[in-house]
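Two complexes are shown next, each including subunit A; its partner changes from subunit B in the first to subunit C in the second.
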Partner chain A sequence: MSIMKLLSIAARAKVVTRRYPFEPPVVTEGFRGKIEVDPKLCWGCGVCTRICPPNALTLKKREDGTLVLSYFMGRCIFCGMCAEVCPRGAITVTKEFELASLTAEDLVRNVKHDVVRCRICGRVIGPAVEMREATKSVGGAEAKYYDLCPECRKLVVARGIMTKVGVRP
Partner chain B sequence: MGEQSKYLPECPEMGEVVRKLTEEYGGHVIFSRESEVYVEVPRHELRDVAKYLYSSGAFLKTCAAVDERPLNRSFALYHIFGMDSKGYDVIVKVSAPEDDAWVPSIVDVVPAADWCELEARDMVGIELKGRRLVRRLVLPEDWPEDIHPLRKEVPHDFRPPSVKAESEFRPPERGIPIGPYHPVLHEPEYFELLVEGETVVDVYYRGFHVHRGIEKLGESPRFTYQKIPFLAERICGICGFVHSTCAIMAMEKAAGLRPPERAEFIRTIVLELERIHSHLLWVGVAAHVLGYDAGFMHTWRVREPVMILSELITGSRKTYGLNLVGGVRRDIDKNKMEKIMKTLDRVEKEFKELANLLVSVPQIRRRAQGTGVLTRSEARALSVVGPVARASGLYRDVRKDYPYLAYEEASFKVPLYTEGDNLARVLVRVEEVFESISIIRQLLDKLPGGPIMHEKCSAIIPVDELIPPGKYAVAAIEAPRGEDVHFLMTGEGRPYRWRVRAPTYQNIPALRPMLRGDPLADAPLTIASIDPCFSCTDRALVIDVRTGRARTIKLWDGGVGTCRL
Partner chain C sequence: MSGDSSKLLAKALTRLKRSIWVFHLNTGSCNGCDIEVLDALTPYFDVERFGIKLVGSPRHADVFLMTGPVTRETLPKVLRAIESMPRPRLILALGSCACGGGIWWDTYSTIGGYGKLKEILEKRGVVVDRVAYVPGCPVRPEAIIYGVLVLLGAVKQKVKHEEVKAGG
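Up next is the complex of A and B:
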C-alpha cells in the first residue's frame, strides 16, 4: 500500500539532483557571495574594517610606508555589512561563492594605499588619496597645512600668531 | 492558557509575587519592566522562594551566573522563572560574597535547575550547597581546577596548557557507548546506555565537546552590539535566526526601543520559514533513523525550495544576516511575496501527501508508538520545552504565552498530544509545519507599510550609545526545538554578561526517563526524537546513572544526520 503511494510520489517528482558542477548551481538574485573592493574608489579610510563582524577586512600599515586594506575570504561571512557602510561605495557584493583553493594566500585580496607623512615630524597622517580628496574641498589656508599632523599643525599655527603679535616664540 | 490551567495551578499576578518575595522572604526589587521583575533575595531564602514559585505554576527557564566582583565584590546567580500562564518572568537573584562563594542548590526542589547549576559552578566557580551530585558539566576533566572561564580576570582567548589526563569520571559499570563523535546525529556527543539484556536501565551523557565560548566572546572587546547578532546567528546551524533575533530582542529591550512594525512582521515570517525547514529536516532524519531512507530523501526534496526561498529573501540559505538592532536589512517586496506564496503552496501540498504516507507506514508506526515515553509529570519537573513538552501534554509555547514580534496578528493552533511517545513528537512537528505555513500567509496578507529600520538605527550608526550599561533583559523565542532564552546584562558598549540557553539544553535531561525501560533498539530513535541540537547546547555536560548489571557490546554507530547543513 504505502509502497505504491511512495512510488507514485517518486514518479511525479522525477530526478531533482542537479549535475553540478557540470550544470550551473541554483543561485537566486538575493544571494550574497564574496565582495570586491574597487581600488580606484577606495580611500583606505577603514570604516569597513570596523563594522566587519569576523575581522575579514583589516587595515595594515606596512614598513615601506604603505597602508593595505586586506580582504581575507577565508574569514568572510558574506554579510555585506562592509558594502553598506563604505562612504565611497567602493565595495560590491558579488554572487561568487566557488572560492575553494589550495592555499590561503589565494583567498587574500589587497588594496594598497600610499600614505601622507607629516612634513615636520614624519608621522603617518593618513592615506594619500583620502587626504588629497579631503583637502580639495577645504582649500585656502587649511590646504597649506594638509601635510602636517595635528600636533605640528598646532605648533605652526601658534608660532605664526605669536610672530604676528610680536612675541618671540 | 485555559489548557495550561487544566493541569497546573494558574500563576499569581506579578504584584502578588513581588509582595510575597519582598514581604515574606526579605527580598527587594532591583529592576522591573512590563513583563519582567528582578528580585534579589537573601541566599538562605532561595530554596523556599524556588519552592513557592515552582509550586505556583512557574517553569524554570534557566539560571545565569555572573561574576559581579568588579561591581560589588560578589558573585551572583540569577534564576529565571517563567510564569507561562501569566506571561511574565520573575528573575530571582542571590549574591555570594567573593570570599564565601556559595549559593544553596535548588535541584531537589526544581529538577530543571540541574544543568544550569553545574554550569554556574564550572564557568564562574560558585559552589552549590546541599547538592548531592556535583561534577563537571561543561569543562573537560583536564581543565585546571581553579580557572573559571567566565570570571572577568580570565581573558577571552585564554587557553590552558595541554595536560594529558585520564578522565577520572567514569560510570562504574560499562555499558553500550553511543558516540563519542557521531552517533545518531552527526555531532559530537556521547551517550552510554546501561542495559540488562536488551532493556536500557540507565543513561549516561557527556556533551559540550564543541563548547565555543561564544558568551565570553560576546563580552570581549572584539565585539560590539552591532556585531553580536552575526555571532549569535552562528550559535546554531539550523535555527540561527532564532538566536540572532533573541539576542537582538534582549538588546532592544535594554535600549527601550521597538523596531518598526514591518520589521517585526518580517522577522516573524523568517522565523516561521526557519521552523518549516527545521521540522522538515527533522522528519527526514527520523525516517532515516528508522531505516526508511526513501522517506528521508523525499522530505528533504520537499524542504529544498524553502532553503532557496530563504536565500532569496535574506541573502543566504542559512545564517541569514538579516537582523540588526532596530530592524531588518532587507524588505519583502511584491515579487518576493508572490514567490513565498508559491513556495508555500507547493510545500504544503507535497508535504501533506508525504506526511500522510510516513505516519501510515506500519513499520514506522510500530517503532514510534509507545516508545521513548516521557510522562507529563516528568516533563513538568524538568521544565522541558517545545515539541517535546507539547507531545507530553504540556501546553507551552512562547508564541502564545509571551507573545512577541507579530505573533498576536496571526491565529494559529498549538498542537498538543498527551501520549508522550516518539509518535506524538512526530505528529506535533508535522502539524506545526502546516500551522507555520498558515502563519506566514496571514502575516503576508497583513504586512504593514513603513520603514524596516528604526530611525535611530542603521548599519552605519553605532547602536552602542543607545544601550546604556547596567540594564537587564530576558528575551525568549519559540525556536523549532522549543523555547530559546537569552539573558543580557549590559556593560560599556557590549554585554557585561550574555547568557544563552538553547532549547536542547533543557530537553537532553529528559532523555533519561525516556530511554529507561525501553528496548535498546529504540534508543537511536528516542535520542533523535528530541531533535537535539548539540552545537547550540554546547555553547555552553554528564548525566550520571548507575544501576544494574551491564554487559558490553562493541562500539555501535548509528550514523544519521541532523543539525549541520
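Up next is the complex of A and C:
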C-alpha cells in the first residue's frame, strides 16, 4: 500500500483512539462486571455455589462453626448465572471491571453466616438466617422442630407418637 | 519481600517510567485474552501511546504478561521465560485463568493459574518483584490498561479484601 493511500484512509477514519484512562470507559448495556452479594438478603443456602462454573463462589465451614460464602473475583468468569439462580435475588451483576489487584487476597469477598445447631446433639443444621426464614414460611406444628437435626427430629417425633398411643418409649 | 528489596523495586520502578516493554506468553489460554491484548494494541486503545510495546524475548522485557492457566505442557517453558527475565521481574496475570485457574481450576492438565505457579517459583528460588492480577474472562482492553497502571503503581487499586456479616 502506498503511503498516499494509507494517508487517505487515515484522513477518512480520523482519530479513533479512546482516551481511557483519561476519560470514562465505554461500557455497553449488556456488559457484566463483578458480582455483588447483598449480605442483608443472602440466606447462605449455597445454590449459587452449585451453579458457579469455575467455583468462584464457595460455601466453607469454619472451625468456629460459622459458614462463609466466599467470592473469589480472580476466578469469576462473569457469566451472571449466580444472579439468575439466587432464590433471594441477593446477587447483582455490576458493571465494575477495574479489579486489578496486587494480591490475590484482595480479590476475595466473604459473607459470614451464623449457624443453627441441633438443640439435642449440637450438630450444625444450617445457616441461621435461612433456618429462621424457612421456619416462618412453614409455621404451625413444624416450627417447634426446626432447631433439631434430622436424626434427633425422627427420635423426638417417634417418642411423641409412642407416648400418645400409650407405649413406653 | 524485605524492606531493602522493596526500596530497590521502588527505585527500579522510577527508572521504568519512560516506557515498559512487555513479553506476552500464552500459557494455554483459550485465546480470548490474547485477542484482547491485541485489541489493546489496535488504534482504538493504542497502548503504544504510553510507550508500552510487545517484545519478542523475555530478556528484553520489563513485564511478563501471562494469559491462561499454565498447562502442564507449557510449565517448563513458562519457568524458563520467567527465569530469563532481568530484575525487576514484574508479572501481569491476565484473565481469570491466569489469576486463579478460571474455568479450568481443577482439570488434570493445568496447574491452576498464577497461585500455583507462585509456589513453584518460590520453591525454585526465583524472585518475582511484583504481580498484578487482572480478572476478566476475557479481560477488557481497558482493564488491561488499568492493570498495567496498578502494576506500575500509577493508580491505587480499588478492590480490597472484605468480610461482612450476613443479617436479614
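By definition in this document, the second predicted complex is superposed on the first by the 167 of 169 C-alpha atoms of A that agree within 3 Å, B and C clash if a C-alpha of one lies under 4 Å from a C-alpha of the other, contacts with A are read in each partner's own complex, and residues count from 1 in each chain.
In this text, a residue touches a chain if its C-beta (ideal position, glycine included) is under 8 Å from a C-beta of that chain, and two chains touch if they have at least 3 such contacts.
Bear in mind that the values here come from a model prediction, so they are computed numbers and not experimental data.
Judged by the touch definition given at the top, the superposed model places A:V16 against both subunit B and subunit C. In the overlay built on the shared chain, the residue A:W43 is in contact with subunit C alone; subunit B does not reach it. In the superposition on chain A, contact of A:V85 is made with subunit B only, not with subunit C.
In the superposition on chain A, A:K5 makes contact with subunit B only, while subunit C stays out of contact range.
In the overlay built on the shared chain, the residue A:V124 is in contact with neither subunit B nor subunit C. Considering which of subunit B and subunit C touches more of subunit A, the answer is C.
After overlaying the two complexes on the shared chain, residue contacts for A:A158 are found with neither subunit B nor subunit C.
Residue overlap on subunit A between its contacts with subunit B in one complex and with subunit C in the other: 16, 53-55, 77-78.
Subunit B contributes residues 222, 226-227, 230-231, 294-295, 298, 301, 304, 308, 311-316, 319, 321, 329-330, 353-354, 357, 360-362, 459-460 to its touches with subunit A in the complex. Of all residues in subunit A, those touching subunit C in their complex are 16-18, 20-21, 25, 34, 39-44, 53-56, 68-69, 72-78, 96-114, 127, 129, 133.
Interface residues of subunit C facing subunit A in the complex, by the touch rule stated above, are 43-46, 49, 96, 99-103, 105-106, 113-115, 130-137, 140, 142-143, 145-147, 149-151, 155, 157-168.
Those residues of subunit A that touch subunit B in the complex are listed here as 1-2, 5-6, 9-10, 13, 16, 26-32, 51, 53-55, 77-81, 84-85.
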